[in-house]
Amino acid sequence: MRFNAAHRVHNPALSDAENSAIFGKCNNPNWHGHNYTLDVSVEGGVDAGTGYVCDLSKLKDIVEREIIDRVDHKNFNLDVAFMEGVIPTSENIVLAFWKILESKVRPGRLTRLVLWETENNYVEYAGN
Amino acid sequence: MRFNAAHRVHNPALSDAENSAIFGKCNNPNWHGHNYTLDVSVEGGVDAGTGYVCDLSKLKDIVEREIIDRVDHKNFNLDVAFMEGVIPTSENIVLAFWKILESKVRPGRLTRLVLWETENNYVEYAGN
Amino acid sequence: MRFNAAHRVHNPALSDAENSAIFGKCNNPNWHGHNYTLDVSVEGGVDAGTGYVCDLSKLKDIVEREIIDRVDHKNFNLDVAFMEGVIPTSENIVLAFWKILESKVRPGRLTRLVLWETENNYVEYAGN
Amino acid sequence: MRFNAAHRVHNPALSDAENSAIFGKCNNPNWHGHNYTLDVSVEGGVDAGTGYVCDLSKLKDIVEREIIDRVDHKNFNLDVAFMEGVIPTSENIVLAFWKILESKVRPGRLTRLVLWETENNYVEYAGN
Amino acid sequence: MRFNAAHRVHNPALSDAENSAIFGKCNNPNWHGHNYTLDVSVEGGVDAGTGYVCDLSKLKDIVEREIIDRVDHKNFNLDVAFMEGVIPTSENIVLAFWKILESKVRPGRLTRLVLWETENNYVEYAGN
Amino acid sequence: MRFNAAHRVHNPALSDAENSAIFGKCNNPNWHGHNYTLDVSVEGGVDAGTGYVCDLSKLKDIVEREIIDRVDHKNFNLDVAFMEGVIPTSENIVLAFWKILESKVRPGRLTRLVLWETENNYVEYAGN
């Protein structure tokens, strides 16, 4: 699943100088953005009647409704309710996505989220 | 060459309602962003002494200095001087890049710019 | 734009032996299939009001409605009316797509179709 | 390893209406197809004499002979003996591949199979 | 078509210091190497009997026999007869490939060769 | 992280005939080469002040300084001190990289290295 969003990596508890020193160009006050790619893995047994672990088109609908529609072409710092008060790094975005998706994909068991911020950088989370 | 930037596709000569109708979610007032990929083609004869049409590492330095350093992790509407007063669509971005690069790559002849906004959408310009 | 389809490269005017000799495993009577990728290029001037050559989301809707909905998860030999009586090679598929799209993308000018049958094989058509 | 195949996701124990409701367009009676990609992982110690865990060109030959030659340009429902009586979802295909490959790659230990049906959908199996 | 090869970009008519100044790390005396990708385009009418411009599996055999078998896992400076006395830049490699392939693909008309040295750098040649 | 290098898979303890039999064309005495891709994974908790597990731009600097600068455009058999006396297979290269990186990425915990020799072949190491 892909979406495009703007963000600014910024910790409001720190001064502007500290933010700039820690986050460098990712702290640009006028935002920058990415084409994010999200990879969602769900684990389970193969259903004898369908041959599916889960119906991927239904899984896609869930991720589209619960995640993509709420973040695509949005600003993570200003437009996304579930990111309020959180520094929008890929790590924190993935943790927020996990909280949302974990219950929605049941009875499938969410086992891994991978979020690509660029084609070279990704964060992987497998629950704790 | 890759860079990340935020933008808002918006025509200030139109009303908010018109902008929203024309540009849809690309008009989000709080910005969104992309991982852009820029493909630069330069044409010429093969130099007998080097076997090169042009030295790609020098070409890379030129594009980095003239383009990437001025747009990477920036906001096309607010941070980029050469985009002032222009709607930052891929079409207009490519035209602006062309004006900048055309003279800088000489004696090579700039023959094509391709700008990928996402892995599915691109604009190609070959001069006029 | 991507779609998945089955086909059999087969010329009914030839014998089974001739078909097998010419088309090899692509002639399998029980079909085989591909994830096709279609790349559509439209040329034109940049509109001053929008900064667009054409609205890519509208272009996407056109290609989706005119092409993808009629071939996705289909069999080119049995299910696709506009391929009737034509050997469904990538060459012939692209020619058929061109005939359909050329008028639909106006006032944009269709300039190139590229159809990838696999990530290694593609056919490119630029009109005649 | 890549191969192209046709299939129809269909459970003969169910009615046509039930099949259509469950499997949607993947149930098209005239088949559709994919460019499948199979990723095979084998685990083991590094051999001191060769510096290899296993000789990848030999592993490639095994997968080619045992899997690719039997499914490439084939129809999973009609042409593939080891899929007889099984709904040809990616899950069931991967399970069948695992049964075949597990003993053939010894003394290497098969640790993971990933089957990509499209560039967006994959099934991963690590044994049980 | 892909192949792996070593090379050293070096002009024997120049001093070591000049070579190092011009070619930088590509001049490493102990070689370095690449996974090259070669994209071959052949133009022609669609044959009514086959639906093909040319049979891609035959084209693949030609490129494999004429090019890949002679350069794969080779050293462009030492192992490849048709590159003797030529600085093995991508530009010169492509020109040499063109001379070889042009007549072999007839009656198809060779229209473009693209050689990727890395996923970011390529040379394109369309004849003169 | 990407780098280009030459190598020859060769065990000096074996005869030329044995080397050729075992390693095939990878044993070419005049070297061949690859565009390698290295994927580095570091695990840890999310820092509350930064929202990062680790600062990827710092991690990138570490990998660039400790690995890329020492192998890019080099010959693994002749130019790389830490590979001396080791057959330069991907397996052995990854083990050597692990030894170097493990302490440098602390307090992050190195959890996985994946080295792609071509887009089809990779070695994955997760420590022991």
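We just call them A, B, C, D, E and F in the order they show up, numbering each chain from 1.
Rule of thumb we're sticking to: contacts are C-beta pairs under 8 Å (C-beta built on N, C-alpha and C of every residue); 3 or more make two chains touch, one makes a residue touch a chain.
Just so we're clear, the structure is a prediction, and the values are computed from it rather than from any experiment.
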* Structure fact -> Shared touching partners of chain A and chain D are F
* Other chains in touch with both chain A and chain E -> B, F
* Mind checking chain D against chain F and telling me if their interface is mostly the same residue numbers on each side, over half, or mostly different? => different
* Asked: In terms of CA centroid distance, which chain is the most far removed from chain C?
  -> F
* Asked: Between chain C and chain D, what is the separation of their C-alpha centroids in Å?
  -> 27
* Mind checking the centre-to-centre distance between chain B and chain F? Centres are C-alpha means, answer in whole Å. => 34
* Going by the touch rule set out above, which residues of chain F reach two or more other chains? -> none
* Asked: Looking at the whole structure, which two-chain pairs count as touching?
  -> A-B, A-D, A-F, B-C, B-E, C-D, C-E, D-F, E-F
* Structure fact -> The residues of chain C that touch chain E in their complex are 9, 11, 13-14, 22-24, 86-89, 91-92, 95, 120-121, 123-124
* Structure fact -> Contacts from chain F onto chain E in the complex sit at residues 2, 4-7, 25-26, 28, 30-35, 72-75, 78-79, 118-119
* Asked: Of all residues in chain A, which touch chain D in the complex?
  -> 1, 41, 46, 49-53, 55-57
